[in-house]
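Read through the structures below before going on.
Two complexes are shown next, each including subunit A; its partner changes from subunit B in the first to subunit C in the second.
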Partner chain A sequence: CFNWLRCDFCSLQLEEEEAKSSFDVDVAVTNPEKVGDGMNAYMAYKVSTRSSLSMFKSKAFTVRRRFSDFLGLYEKLSVKQSLHGCIIPPPPEKSVVGMTKMKVGMDDPSSVEFLERRRAALERFLQRVVSHPLLLQDPDVREFLERDDLPRAVNTQTLSGAGFLKMITKASDAVSKMTIKMNESDTWFEDKFQEVEAEEQQLRKLHVVVDSLVNHRKELCVNTAIFAKSMAMLGNSEDSTALSRALSQLAEVEDKMEQLHQEQAASDFFIFAELLADYIRLLAAVRGCFDQRVRSWQRWQEAQSTLQKKREAEAKLLWANKPDKLQQAKEEITEWEARVTQYERDFDRVGMAVRKEVLRFEKEKTKDFKSQIVKYLEAMLQSQQRLIKFWEAFLPEAKAIA
Partner chain B sequence: MMEEVKDVSAGSVHGDTIKVTEVLQDGDTLTFIIVSQKLSGTGEYHVDRTYDDFEWLQQHLYTQEDVPGIQGVIFPPLPVRPQVNASAKVMKQLGFLALGEWQPYCRALETFLQQVVAHRLLSKNPALELFLTSADPPGRQKIKKNLFNRLSQAMEEMRKEGHKDVDEFFQTVRDQNLQLTGSSRTAAEKFLDVVLTEQKIAVACGHFSAALHLCVEPGQDPDHKAFSRVCVKLSEVFDSMRKSMMSFSLNDLNTLGLGLDLESRHLEAEKEMLFRRTCKLVELESARRNAERAKPVRKAAMEEVKKASETEFEQICEVAKQEPLSARPCGNAAEESDSVV
Partner chain C sequence: MTSLDDNSKEKLRSVSVDLNNDASLVIDIPDALCERDMVKFTVHTKTTLSSFQKPDFSVPRQHEDFIWLHDTLVETEEYAGLIIPPAPPKPDFESPREKMHKLGEGEASMTKEEYAKMKQELEAEYLAVFKKTVQVHEVFLQRLSSHPVLSKDRNFQIFLEYDQDLSVRRKNAKEMFGGFFKNMVKSADEVLISGIKEVDDFFEQEKTFLLDYFSKIKDSTAKAEKMTRSHKNIADDYIHISATLNAICAEDSVGVEIRGLLEGRVASDQELKLTELLRYYMRDIQAAKDLLYRRARALANYENSNKALDKARLKSRDIPQAEEHQQQCLQKFDRLSESAKKELTSFKGRRVMAFKKNLVEMAELEIKHAKVSLTAHPIKHTV
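What follows is the complex of A and B.
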């Protein structure tokens, strides 16, 4: 009976939250600049916030942050008890290769791409954080956005090397190895967990395919550029002026095509590949929340079993008639009774939080995918129209070949 | 049924109408169906030929020793032998012709036959008539190795390629040909890379489209349905992108690809003709030297050899000048060159 009531209350709360779903915070991560020299150099990014919310000191402000600051923010949020059950957006991955290139100061296209990729990922991370109603209220988040000099984050080791996904998997394994298995009274959690796992696998498959598409497009860029040069050479070798002119024009059109292919490859990558990568990691974070709930349940169960042992000890003492030890035993029982109540409340709270979070996550996901796909299609439409214009401009040249 | 070959010189087929309509694959052999309209207007010839038959025809064209100056002819190039499940090396040699399910290859064979029929000297060869009209495949006997085979294989002859010409017109043609052959071969190779990459992209789009279909989630949940709808729509978009990319690449293949391939093979054939002429020139110059230095006893014989060489060389130059050369240096040079030899 109590379970049913809890569920009703939960869904009411959900409806309330959805009603005030509009938030008013805009964040942007821009202007990466190299600070310092040699192996101690790092990139500093400009973090700009615009908001009409009263909790901020002003309507628009800027701070400079480095990559480890973002990791530090994530660390702080992920260990907070009050945020257990929340889906905290994972930060971008560390990259030894990328950072070394940055320190050495290379200007090649792959370094430029790496920097842009990281900047965009940091921006998406922050945007997801501030669009989460609970996280936005968190003082650490406010400090990150507002405070001029942020103390250096020191606990980012957990996110090094192994990376975020491996960390979640390790934690999951630890949970499943615990001796007390959870008997699920509510099948919602079990079903949802399986759904999340299945979806993560599907997105991984999609990501592999998109990756190969991006690589082929980059290959097409390179090949088109080389071909354009060979056409230009052929045009120069030709005697007949009409043909020579047409070939040179063709070479120019192919150069423009290379530019288009380049943009298309970037679009494929930044819109799709990164979207899929983000959601693979977000789904891992969702799995992490489920694990938090299970751990919370286990803590409650362990407390109950400890309480039971204490009561048995008390009973033995009563029988053995040792008054001084009896007093201590009674105190311990009271303490553990309180703990059991607390842990049960925690478990309920985490359970409700997870349900709310998952529903919110699914809505956001659909919205996110829809908006990215629309962006992609609009970009492609434009690029196709430009493509048609280029070739239409060339047609009279081709016809002019005597 | 065997048609009686009456008038060898005219041929009985309308050159423009020659079409390679089909290619049949039986295990590892490819058979081509060739259809041509009778000049008399009374119908069509349908014959089936394999690559061996084409080679037979080519050999017969090469060995027309009764035609003066035959070495000055730019022989229409026959594509490389086609191979089913070709190795990487053969694929590279075939280039565009290996793609598009042998359709470009058929076009190349068509062009070969049309060019032979249109050639004022080659069309008179009786082998051509047999090839186009005989119901049975023409004979498959081995042709004895002739001048052409030796030349195309001899590597030491390559030294002669740079031999300076006595004729400004031909020197210009040779220089131009060298440049064009290189550029057009490169352009064809690079364009092939582009076309192959376009095909890879089409395949990748197809994979993405298929993978998206697998993301469709069952159930009545409105969010699930919304997400599934998005996936299905996107899957459709990528499928049409696949079709579009495939048609880009097929179009590229059948137009510019085929064109560049034909052009570069024609330039190679021209290069081979110019080389034969240059070799003859070297032979002539050495015959002249021999005639000059000959002792009185041998003088007359050497003079004969020199005269024969001179005549042959002149004939080759005559024939060559009337061929469709890639370079046409301005009129004055052409007129002057007649008096130089």
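What follows is the complex of A and C.
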């Protein structure tokens, strides 16, 4: 059976069905519409949810959201959930150029592409959020999906441009600069972290080449169109009737090829390049999640060191014979002992959560990559089939030259 | 030494047709050696003609020898009424060589596999340039050998037979002709050709057609080259993508399959073929234009001789010489016109057939290639 991928595909579908039955939440982001005029204008997207879960008020509902609403949701989730070692899917980045174009109301191809790119990215962001068992339970998520008018999000300034990645990187650096190094008997975390870093580098490299592919394919479109026109002119100039007709037909075929190249370029970008861009950001989020665990460990260690200091202080007071200060010292020791216990438990819990999250993430990633690549290959396949039809139609014309 | 088997030579030959039909003189280039900047072609001749010393022989020739032959033919008065096959262009390995250099510099930044694949691609490109230059030199000789008049040219025979180095002869030839024909203001030919008062409908039409067609085909050649280059860029991207994917998910079967598919999409010959055809006929049409130019000159000469005769009659001096001169010019012009008409007619037929062959082959290759990549596709489909 050479169709190993088909077999795999079937099991993929089975997995999807299982997932659907337990998570049954479908979100879509569609219909961007311009609201308002001038520099205060913005794009509002339709967010549609379909779910049979009882936590929602109805089975299908729609709200309108703007870009900053999505960023606001991410902010809230980050603050709350990251302490628990959760991997929060990052939203698409702000873009001053793109936004200005939208406000001004340009509808050239690159503006249209920008809008579609953003819409698709917002949709993927939401889909990842709702397919996360923990995040789905978060009331902010429910409010985002259901509430008719959402209070405007503030504090989204930090997420401008490449801000998100910068933020993670800065935090990451700060953590690694901390002098207390973790001494792990279980190397799982360290190994995994290095794996994640390596993979992020690979994806970045791949993204650069795929970007190059997208650009070259766009160049090919332009050059093919120009060539088609030139062929048409040559056909007009040709004085042998049958050859003239064949050359004109060739020009038409090349026009059709240009169309195919355009679609392939879109596929290259929206399916392949954006997948890579998403995962570069997601892997950064995974790194952030590891950092949370390290922070948790720091807190525990610092508490232990504080407890130690308190004990030493108590010993000193015992010598100095100051009874009321001694009482206070004893109270503080109790307090810090409790903290140490708590922080140790927190650390263990975060560790388990991170482990679970990372494994879940890896499963999702494999699924995601497989399904996107299948989509990409399918697009290529269809393109090939159409190509065959074009040339098969041309062949008799070429043969008819006399 | 690089040998070209008959199969690949057959594939390359769609640029010109009806060559090597005459068994009395069969020429091919079975071998060529590439040394640094120079290509040494082995020109092999099989003949039944008694004008040659042996029935089967080979000689080594350089590109400059071909140019010498072409130029002597162009500068031969007798052949003024013929379309002289365009000279083969100089072998140009600049592009793959430059890329090889860049690849060497970038070796450190890529994986071993990537480097190996890129190197393989470049070697294939190098080989393609090599094959192309052999083909174009071969076709030049075959056009000569299949021409009723040119095949009998003495210099052509020398070129085929002379087993010493031709460079001595080449130098002598340069001194003899001084290359003055080429140094003449070539740009004047367009003006001359279009300015002439044409009495013959055939030539009027040919002139209009050739001038217009030349500019169009020149444009098409340039645009085709750009398009082909884009295809090549994409093919190179696929190699890099493939190598990087391999590094990420070597054991992942999806990665392997997508790589296989992507590699199949490497730019293939079809677009290249069309570019080759256009480029060849652009040069051929230039040769046809050169013929028209020579005819226009002959006509101008005849008209001048008429004026000279009138002047002589007026002055009652040197009339017999003037009459003689005028007669010669007229004869020359008539012979040239007759020959040119035949040449241009057969040229048209040849060109149309060559286009047909090339376009059919190109379409068939596109279909075949796409079908192959479909069956190799891992995802089941219904066609």
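Keep this in mind: the second predicted complex is superposed on the first by the 375 of 402 C-alpha atoms of A that agree within 3 Å, B and C clash if a C-alpha of one lies under 4 Å from a C-alpha of the other, contacts with A are read in each partner's own complex, and residues count from 1 in each chain.
Note that a contact is a pair of C-beta atoms (placed from the backbone, for glycine too) under 8 Å apart; a residue touches a chain by one contact, two chains touch by 3 or more.
Nothing here was measured: the structure is a model prediction, and the numbers come from that model.
Overlay on subunit A: subunit B and subunit C clash in the combined arrangement. Once the two complexes are laid over each other on the shared chain, residue contacts for A:Lys365 go to subunit B alone; subunit C is not touched. When the two structures are aligned on the shared chain, A:Ser52 is found in touch with neither subunit B nor subunit C.
Of the two partner chains placed by superposition, A:Asn31 touches none, neither subunit B nor subunit C.
By the touch criterion defined above, A:Leu234 lies against subunit B and subunit C together after alignment on the C-alpha atoms of chain A. Residue contacts after overlaying the shared chain place A:Gln342 against neither subunit B nor subunit C. Once the two complexes are overlaid on the shared chain, A:Leu206 sits against subunit B and subunit C alike. Look at A:Gln327: by the touch rule set out above, it reaches neither subunit B nor subunit C.
In the superposition on chain A, A:Ile401 makes contact with subunit C only, not with subunit B. In the superposition on chain A, the chain among subunit B and subunit C reaching more residues of subunit A is C. Residues 199, 202-203, 205-206, 209-210, 212-213, 216-217, 219-220, 223-224, 226-227, 230-231, 233-234, 237-239, 366, 369-370, 373, 377 of subunit A lie in contact with subunit B in one complex and with subunit C in the other. Looking at the complex, you find that subunit C touches subunit A at residues 205, 209, 212-213, 216-217, 219-220, 223-224, 226-227, 229-231, 233-234, 237-238, 240-241, 244-245, 247-249, 252-254, 257-258, 261, 265, 348, 352, 355-356, 359-360, 362-364, 366-367, 370-371, 373-374, 377-381, 383.
Of all the residues in subunit A, the ones that touch subunit C in their complex are 2-6, 8-9, 199, 202-203, 205-206, 209-210, 212-213, 216-217, 219-220, 223-224, 226-227, 230-231, 233-234, 237-240, 242-243, 246-247, 250, 366, 369-370, 373-374, 376-378, 380-381, 384-385, 387-388, 391-392, 394-395, 398-399, 401-402. The touching residues of subunit A, counted against subunit B in their complex, run 195, 199, 202-203, 205-206, 209-210, 212-213, 216-217, 219-220, 223-224, 226-227, 229-231, 233-234, 236-239, 359, 362-363, 365-366, 369-370, 373, 377.
Within the complex formed with subunit A, the subunit B residues making contact are 176, 179-180, 183-184, 186-187, 189-191, 193-194, 197-198, 200-201, 204-205, 207-208, 211-212, 214-215, 217, 223-224, 226-227, 230, 233-234, 237, 326-328.
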